[in-house]
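Input: structures, listed below.
What follows is subunit A paired twice: with subunit B in the first complex and subunit C in the second.
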Partner chain A sequence: MNILFAFLIIATLSLILGLGLAFAAKKFAVETDERADEILAVLPGANCGACGFPGCSGYANALSAGTAENGLCPPGGVKVRELVASILGVASDGGGAGEKMVAFVHCRGNNELTKRDFVYEGIEDCNAAHLIHQGDVACKYGCLHLGSCIKVCPTQAISRDDLGNVVVDPELCIGCLKCTLVCPTQVIKMIPYRGSHAIACNSLDSGGVVRKICSVGCIGCKICERKYPESGCVVPNFLATIDYSREMAQIGEAAEACPTKCIVKAR
Partner chain B sequence: MEFLATFRKGGVHPKDKKELANRQPIEPFTAVSELIVPLSQHTGSPAKPLKAKGDVVVAGEKIGESTSFISANIHSPVNGTISDIKKITLANSVISDAFVITVDSENPFGKWSLQERKEYTGAELLNLVKEMGIVGAGGAAFPTHVKLSIPRGKKVNDLVINGVECEPYLTSDHRLMLERGEEILEGILYVAKIVNPQKITIGIENNKRDAIDNLRQIIEEKGHPIEIVPLKVKYPQGDEKQLLKAIIKREVPSGKLPLDVGAVVVNIGTAFAIWEAVALNKPFIERVVTLSGESIKDKKNLLVPIGTKVEDLLKLTACEETDNYIAGGPMMGFAFWDTTTPITKGTSGILALAPSKKGRVTTPCISCGRCITACPMGLQPTKLYRLIDHGQYEVAMANHLMDCKECGCCAYVCPANLPLVHAMKLGKRVGRK
Partner chain C sequence: MSYVAIFITYIFVNNFILTQFMGLCPFIGVSKNSESAIGMGMAVTFVMGIASIMTYLVYTFVLVPLNLVYLQTLTFILVIAALVQFVEMIIQKNSPALYQALGIYLPLITTNCAVLGIAILNITEGYNLMQSFCAGTAGGIGFTLALILMSNIRERMELQPVPKVFKGVPIAFISGGLMALAFMAFDKALLINLLG
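== the complex of A and B ==
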């Protein structure tokens, strides 16, 4: 008999509580956009923050709510932009991330090749070094080689090579721009992934100044631009740049002819 | 024994080394050939150049105009020609455009004579301070007219004159107080006319007894309404906030200005510059610079035109070979390597210390808490250092990183030799972005 009472009490109690929960679930239901979950599944999931939102879920929520522009995800590129557009039911009309861009350190001036103004013995951080006379490297546009970008890279795409230069692996780079934001000299810039070559110099100093302080810097001699017009090289000031929108047929020859060899293979 | 006012919390006692240069009278420096006059010598926006390459300038002529409220005019210190305008990096790592002035070798300097005395109103004096490009001579070079512009509704109870000079080695303010006491006191009265304080006090550290006695004597003779308070020798007694704690016994709240506790603090060098501006109609084109340090044989206090290259000064002092130059004092000054760096309005001294030992050895923080005891602002440098080291800049800001004024007490006492001040500077720079 006792056992029956216990059974009945528990059964009634659980019925009341169960109904209460069912009511609360209906009454206080939080409306979620199913599309946000779908978008989150499509996004790369690197949580790199390049879109400007707190992680991939933040961006997915903003997209489904219509407060964010499509195509802000550099790691996802065109593929993700189109997938997101199909989920949202809108046209994918370019804008934002187009072709895959990767970071490139526009400097090959390591400790031996570039002059130092003084001995820096402070904190091992590029921004800390930059506080003191814009760093110990005589060239104020170049890489400080203290590796702040290596620390922030979410995919370990940045490393030091055998010569002590900081290099980005284009295969691992997801184009999140974190390194370009942390770099105090802005020597890291984005180049198209398909680009075979890049200029390994960022110095706007005149040729004479560059020659004095660095043996691998661009001196603005314009050989690449004049002799190899099909190379895609343009020299608007004392620094050559590559116009990646053009055909770069002669870039290999131009790299050979460069007197300071600062046109280097990007991959 | 006389009771000496001081601030309570924190502070350190470095060797003051003032005896190296405090007996050298101020000498004018005349061997100028080329000056580099930067357009951004002050806190705030850089001045706009009024002259171009090739223009002839006369001493005292305005060559840079202030561009906003917090900015200052720049004047040519000498007669000469502008041979170039170039970008330079100052000793404190500020990048600035600078006039390169080739000095007229026959008639380099302007003549400054006493003007006829006249009664100025406060507004006229304030305008004069602004026009003459006067900035704080203590080091931070904050435009003085901004400090002296009292917003409507605020009242100044105390005008505190900072004659502390707590940085080791530096003696420029000390010499000024000894040799130009009367002028400084008059300059202080001009400041008082602008801000209308109820009380004027001069705070001087007790290691400058002769300066205290000298000024007291003049005050007694002339009957100036100025009081002199000798202060305990303790670094950073000369910081604005510590000075106010010692003299008016009030603490400036975090993120506020001295004016919020009804006080205005003006440096001795600034008071002298204001006297020059009013009495001689001379802009801020010269300042007293201490040349001291172990590598300098003939220590000197020189009256130097703004823009003089450091190497020109060092030639005069039989400086030995060293790589350890500092602009300002050893605690808060800036190490520099390029001796073509010019003297600016905020440079109170050039030190050439003994050659530095290479290879900084740091050990991990042992949490001894000495930096916390030493910090005059009541911060926890060890905690801030850890946060900045881990890249948690926002948390560091929430722990009042911005209250740090980089006085260097924490790094001075740190047994692990950690670069604490450097980390604070880094944290401020990244955290502000």
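== the complex of A and C ==
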């Protein structure tokens, strides 16, 4: 009899507490903005932080609260900007993230092709190596090959190819700019995703200097610009660049003609 | 027993972590940096204070009249768990800032033995409602004190050349033991000398 009584008391107490909690959960329910959840579902979910907010949920909350501008998400690009605009019920104004940009390592100088000033045996980090005479690579504009960008990439889009070069997979790249910020030599720059070719050199040194230290660098000979005016190549100084806003009809021929073959296929 | 004596007792003499060895889980788990130590300490202090009142009321007005005193441990766990849930809801609704600071620690406290400990101690010591509340709050402050001291020690230890086998939790337990030894200095005799 006693045990039944104890059981009943505890059961009643639990019931009262449970009902109380259920009631409190209704009464004190925090109204979250449903749009924030919807936006969060639309965002890429990489939590890369390129928008300047702590993760995708931070940006979704700021968007639904109206404190953040739409279109700050580079990985999402135009598509996400328009989806977010439709959730928020505002017009997509065309500002912010535009066409899809991907990172590209503008250097092909691996250990065999580029000279070294000294042997670096420090910790495996580009920024650490860069502190010592701007790195062991003789070319002070090129890739240090220690892979700091590989570590920061949220989508594992950056890897080393068989030649030891650091390459970005344009299909996996979400354009969050993290690698461009961590790279001490700024050899990683953004190019449009649609661009078929890119210049695999970042050196502003004159042709003679480049030739001495690297066999695949741009020597600024301007063959691409003069012989193939329709290639989109412009050589303002000792480094060729591609003007992606122009028609790049002759870029294939220009790549063939380049004496150091530093116009390469971007994908 | 005066309220001052209760405070000194539960902060120093009967410090929950360093003398009674209750709540060791957060003592090791949440003491890696002082910011989270303060957050956890505040949350525990808050819950211990309120839990003391609630369990006292439940004990005095439910268990004693019904002659079910032997069910106190079970009942207290139930009451504390429900209370923590309830407090979490209220904080989330009324003070988002406080929720951001304490929120992640509150569910951890639900089954913290320091909270259950103070509830049972209040009964065994025969405190009244006000004394129970003071003991609960003081216990929480003592808990916070130990947690903050420990987190500062651990923050400094991060920079010291600790032997590899002792790195992390082992050295934390050793320092905790040494701290407990130091807290032995606060004993009842000292308290009696101080307060007469």
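Note that in this section the second predicted complex is superposed on the first by the 236 of 267 C-alpha atoms of A that agree within 3 Å, B and C clash if a C-alpha of one lies under 4 Å from a C-alpha of the other, contacts with A are read in each partner's own complex, and residues count from 1 in each chain.
Note that contacts are C-beta pairs under 8 Å (C-beta built on N, C-alpha and C of every residue); 3 or more make two chains touch, one makes a residue touch a chain.
Everything numeric here is computed off the predicted structure, so don't read it as measured data.
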item: Partner chain in contact with A:Pro229 - subunit B first, subunit C second, else both or neither; value: neither
item: Partner chain(s) touched by A:Ser14 [first = subunit B, second = subunit C, both, neither]; value: second
item: Touching partner for A:Val119 - first (subunit B), second (subunit C), both, neither; value: first
item: Which superposed partner A:Pro259 touches (first subunit B, second subunit C, both, neither); value: neither
item: Partner chain in contact with A:Ile132 - subunit B first, subunit C second, else both or neither; value: first
item: In the complex with subunit C, residue positions of subunit A that touch it; value: 5-6, 9-10, 13-14, 17-18, 20-21, 24-25, 28-30
item: Partner subunit A, residues of subunit C touching it in the complex; value: 58, 62, 66, 68, 71, 74-75, 78-79, 82, 85-86, 89-90, 92-93
item: Of all residues in subunit A, those that touch subunit B in their complex; value: 117-119, 121-123, 125, 127-128, 131-134, 151
item: Subunit A partner contacts - residues on subunit B that touch it in the complex; value: 89, 93, 95, 323, 335-338, 358-360, 391, 419, 422-423, 425-426, 429-430
